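Chain IDs A, B, C, D and E follow the sequence of writing; residue 1 opens each chain.
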């Protein structure tokens, strides 16, 4: 894949949450996202997969400054957007938008869908009159495959798929360059999921969008992404172009993840790697390699030494002690 | 093979506030043979869970049974008295629910909650025997240090562990039929793999009725598949028949719409529209308005169920090649 | 659990401190000069001065507050303007009566209210439930003085079955007769407060029971083959009691409010009546002390309720 | 100086009384229900007295409160009491003599009295009381005894008080108002305000047990010398029970829980008791006090005699007495209470109720409704709008205020009602004198001349009106020193003439105090005084049938 | 819930509708009081007459028409409830919104205050404050409102917590909607239901509190409120009198109960219509 220009650089992004044990008592910290580094290239779709507790959604929100990061940088157009004050942020924020998971909860049930889309247009002063906002909204509705008369309806009159289209239209209202899709199709029925995945692909071509596609579904991520980032307990375990990741999996976790997915097919059942135990709590992650407690290739070293990211092949990064040698080489 | 459970033209619906009954399940007919695992597949709103609960006779109060039979070992469950049903539940037919988080009582320890099943169905066992049985059962489903875990409460368990507890609870009496309602949907992939593994090991002890929207899970576990759409069985057959030779346009569409690890980057097939709500079903084929091969008849008349092979049936107006 | 308890007690202390502060400052906001009430104009200026000194009224509000807090912490609630007795003495005479009344009412309310609420939830939308619903609406709409009038008129005056007021016939009898006498006197006030409060408990029990019966784990219990009676008793009851007891704890606050009116109408010699009397005579130290006492009782009962909840709910007990 | 003192202590009395809910004085009208002597008196039985307020403190010297004085009067009777005619006569004291210059009083007390703890009751205690009360500045007693420069104990039963200045009413005051203090108890008490008095007295009953706010039980002192020819009181025990209000008390009387009401009972309650006349009796006396509307001279409009006169003409005494007070009062249209028959023979009256007349007076004085809003304005455009302040706790007062307001408005005056609690009333009316019109049920318990002085003298502390009239001042002061009764009547008539012309207050009614009792008991008697049916000297005669 | 179905499901709940009807009757009684009957003032000569065609509810001890008193009392009761609700709303709703939405120190501080105020014995405190501020109907109403806000704030807070967890709030933040708009438009619109229900309950309890305070002699005796009528009746011994002028206290007491019942029914009607969960 020819490397396009970087649109977003993420350096050492870290987010810890304080966990309040209640009145006057601090329980601890959730280390939701730790030291994430990656570049996002123009016009690509970067898939981020991980199970619960992997920090993938937190990462998405930290990128958009919906959450205040503990440390790290997100460089967009040469500026670290995490440092920007709220007023300067709004200009850049428009170019980074998000589509949310739950099509039922992501629309305000008391506001007409047309107004839901028009509201950000007006709030960000993209147009000066509400008439213009309406016009733009109607165009957006058409773009995502909805009819103009739906402007006046309330969310409850729509199906899940239609609502997700509305959410997409709202995100697109600010004419973003980068769209973060957080589990954007997970809540949808399979037949509808395909519609929305197709819409994402169609919009990408039409509007030259760059996607960060967050999902727990590896199959869906594989389908839509150019590159995939595998996360576990707040850390990137493996990051590689899609084809590479599947053709030559390096990290044991990725390997297990791929093998754990039941294939809807009668042919050739693969040998399955079943990981033992539960995903540890991000409040109290294991020492050394965070995956070591469930890893089927764990070594002595894993317990004490935290593995670093290694570029095992070009553009293929892995965080695992198995490949330390390659780094030194 | 003898039939363990038979749905015969089972119809039911829900009463709304006005007392009007909206039909959901319409003439549902399928069998579960002894020792077989049947997957019931469909999207949300197609009546999968209601089918489950109908077997257990645990439907909500607003449910109305409109006709048909559910025959278990030759006896119509719908005709059983409450007392008789109580003896069947948990012992002959047991159930695993979708949400392991909410399906366990938060204020009772899990030793009690599992032991309760034995207390009900095995009056011959004393406290000590029950405790041992529960410990063994927990071990069987892969819960480490079960002795200690017995005294713990659900909130001290992770999601995967709770589902294991649910499985232990459902299988402790070695039921003939285990009903699993989306047992892995709420779980992470690696945990799902663990649970599927356990279920694969346990399913041979009886029959399994597995309800899921995940075709992968069905492929993993089941022998037979029933495809439901909007309260009707649109297609049923053995796993190979359904996966390799889907006939109904809905089944076909469903298969094509799912991206898999082996599928390519080409545009996904998509079924237009969404599953209708139960008060907006059409009089004819309920899939008619989303069907790519729709014609006039579909809208008005319920299509016939055609038999394509000994086990393969499809409910559709289209003509299919019959093969043996 | 220990941690939970400590935090709970800290919060309770804070609540008491805040109520004490509020009532202290509110009383000092009063437009009329308390000295007018306290000091007869005929007294010489030096006597007036001495009295103001005695009650600390000559100091600045801030200083008075500091002294007040210090004294309250050491269990000294000051001296009554009217009787010149220590407020603690006055209140200690009244408090047992209020506690007795509250104890009777809380016990009755829980013992009668919870089963009725459970039954109504079980027979939801049935005739009994509908009847109970009507009673609940009536119950939560009760105007306590009206109820007291009705009882007083009917039982005490018309039927002459029960005494009109007080807590016993003076001079008090001895032994069992005394208990019997007090019991007779307690019937009407208890009944009044009971009717005014039981509806809330029934309502909450019923609603929380209905909610619990809809929970997945109830379905799980049924799926094991147990019958309704067992499921309600073993699975639903404990869960439904948790919110009910919490509400009962909070309800005690309003019950104490009702007690003021009840005690006033029936002349029950409790703290509520004391509040009313002190208001009429503008006896601030007593008013202050009585209010703090009530606040403390309410807070203590809240803690008890919370402990019961913690005992019922392993998620709190085990600090989950 | 003497006069000043006099005024001061009378003011004190009035304040005390004012703070009470019900006025308690009574005159010598005979009881309406004579006691039937239908059985022989005998010793035994228990009586329950219902109170509607709790005594603040058992020591009447420090409490300044009617409930304490009323209750403790059977343990601590006073030296003098009132007779049927309301005249002060000796009770605990046997006799007294006044020197011709009215400066030296020689008092003899009855022999054979002892304190309840066994110590003899002697003139030592009298001397101690006179000194201690002044030293410790205890309540009104301090003022009453303040003129005493010397006490001289002649013997166990005789004592001589020497006054600084002549004072004709010294003994009737201290004798009627201040019980004697137990020297052996109080001589060691440094701060009587903080001291918990145990109730030890010398009267026909002694305190046995009590629970504050609930009940107080007294037992009979056997062979108490001054009752029933040395036999002592008849009733074995007397229990005072505290009730939250008059209604509860009446219910308790009807229920048989209570046998007699301590304080006067409201009209509605009287009717209820009268409904079962076989069981209950009522005795009534007119109050010595009276109700009046007072005008604040600080108000420019009220300063105008025409306005006051017009207002006086809007007062419908019939409605006040019959409707607002439900017949529980009698009309008063003279400046001095009709209770004092000699003083009102002159028939000097306030202007009669006449709304048309009031309108004419206002028209003539230039108060015309110029903007047609129903309220008249003065020539300078000031509206005739006044605030009527009163204490909420007074019975029927709302009704009284409403009747007054309704009639005043018919004449084109607006009255805004301002009901306040006793504390605010004391603050605004007595202390700040910040009001337009006040209405109050006034309880006075002493001779009219001295009590009038406390209200109407221009420098009187209870002259809330800010009324100043030299003629009035002169007449009051003269009558206070005039020994001749007839001359005093003449002076009072002059006072009334001037008063009815000036109208600083409109006096409107005299409340009738009624006390209910159970007919299970006999021997009831009601003389004018503070304590209704439970006055020590009367209560000792009551017996159970 | 959904806008159209709310009205539908409300109408279906007959009790709620009954409550609404009752509330409307009482509101129109209060609003139209001047048209219905003259303000009862002064005194009349027809004392303590039982109900008749001329005096529907009889007359009191001053000969005043009790029907007129009840009607004008309704006006006061509505005024008190309304002022109390306004005061409670002005404090309680923003407090609840902020403590539910802002997670930081401010939020937990306000929450702590709400918690403490909820524990306080309200009526005794109300008595103390009412005794101090003096008897004016507005004072009483404000005091009631001041002590009613915590429950409203708690309801607002709980609903706000629930709503602010929902993704549309995050979505609104994401597309640059200002916090103020989010709080007072997006959230408030969505919690209007439970807040409204609580407001009707405050309306109900406010009248109970006012009547209670008036009965204890802490109300405003110059204004006709139901509590004052009862207080006058009680003071005059009408409740226990023989023969009993029952009409003096009966109608008023009944109106208090009806008022409270109607508002409670209205509240639970709205609640049921908002939360169709009771239907399974």
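Just so it is clear, a contact is a pair of C-beta atoms (placed from the backbone, for glycine too) under 8 Å apart; a residue touches a chain by one contact, two chains touch by 3 or more.
Note that the structure is a prediction, hence the values are computed from the model and not measured.
Participant: Pick the pair with more C-beta contacts: A-B or D-E?
Facilitator: Taking the two pairs in turn, the one with more contacts turns out to be A-B.
Participant: From the centre of chain B, which chain's CA centre is farthest?
Facilitator: D
Participant: Would you kindly tell me how far, in whole Å, the mean C-alpha position of chain E lies from that of chain B?
Facilitator: Centre-to-centre distance between chain B and chain E: 51 Å.
Participant: Just give me the whole-number Å value for how far the CA centre of chain A lies from that of chain D.
Facilitator: For chain A versus chain D, the centre distance works out to 89 Å.
Participant: Nearest whole angstrom, what separates the Cα centre of chain B from the Cα centre of chain D?
Facilitator: Computed from C-alpha means, the inter-chain centre distance equals 91 Å.
Participant: Which chain D residues sit where two or more other chains touch them?
Facilitator: If we look for residues of chain D contacting two or more partner chains, we find 251, 393, 421, 424.
Participant: Where in chain C do residues touch at least two different other chains?
Facilitator: Residues 11, 30-31, 152, 157, 264, 276, 280, 282.
Participant: Touching residues of chain C toward chain E in the complex: what are they?
Facilitator: Residues 11, 14-15, 18-19, 22-23, 26-27, 29-31, 137-138, 140-146, 149, 152-153, 157, 210, 214, 250, 253-254, 256-258, 260-261, 264, 272, 275-276, 279-280, 282, 287, 290-291, 294-295, 298-299, 302 of chain C touch chain E in their complex.
Participant: State the interface residues of chain A toward chain B in the complex, per the touch definition above.
Facilitator: Counting only chain A, the residues touching chain B are 51-52, 159-162, 189-195, 197-198, 201, 216, 218-220, 222-224, 246, 256-266, 269, 272, 274-276, 278-279, 294.
Participant: Quick one: in the complex, what on chain C touches chain D?
Facilitator: 30-34, 36-37, 40-44, 47, 51, 54, 79, 82-85, 90, 93-94, 152, 156-157, 160, 163-167, 169-171, 264-267, 269, 273-274, 276-277, 280-282
Participant: Sort out for me which residues of chain D touch chain C in the complex.
Facilitator: These residues of chain D touch chain C: 8-9, 11-12, 15-16, 48, 54, 56-57, 62, 64, 137, 139-140, 143, 193-194, 196, 208-209, 211-215, 217, 237, 239, 241-244, 248, 251-252, 254-255, 257, 393, 421-424, 426-428, 430-431, 461.
Participant: Which bits of chain E are touching chain D when the two form their complex?
Facilitator: So the residues of chain E in touch with chain D come to 41-45, 47, 61-63, 131, 134-135, 217, 220-222, 232, 234-243.
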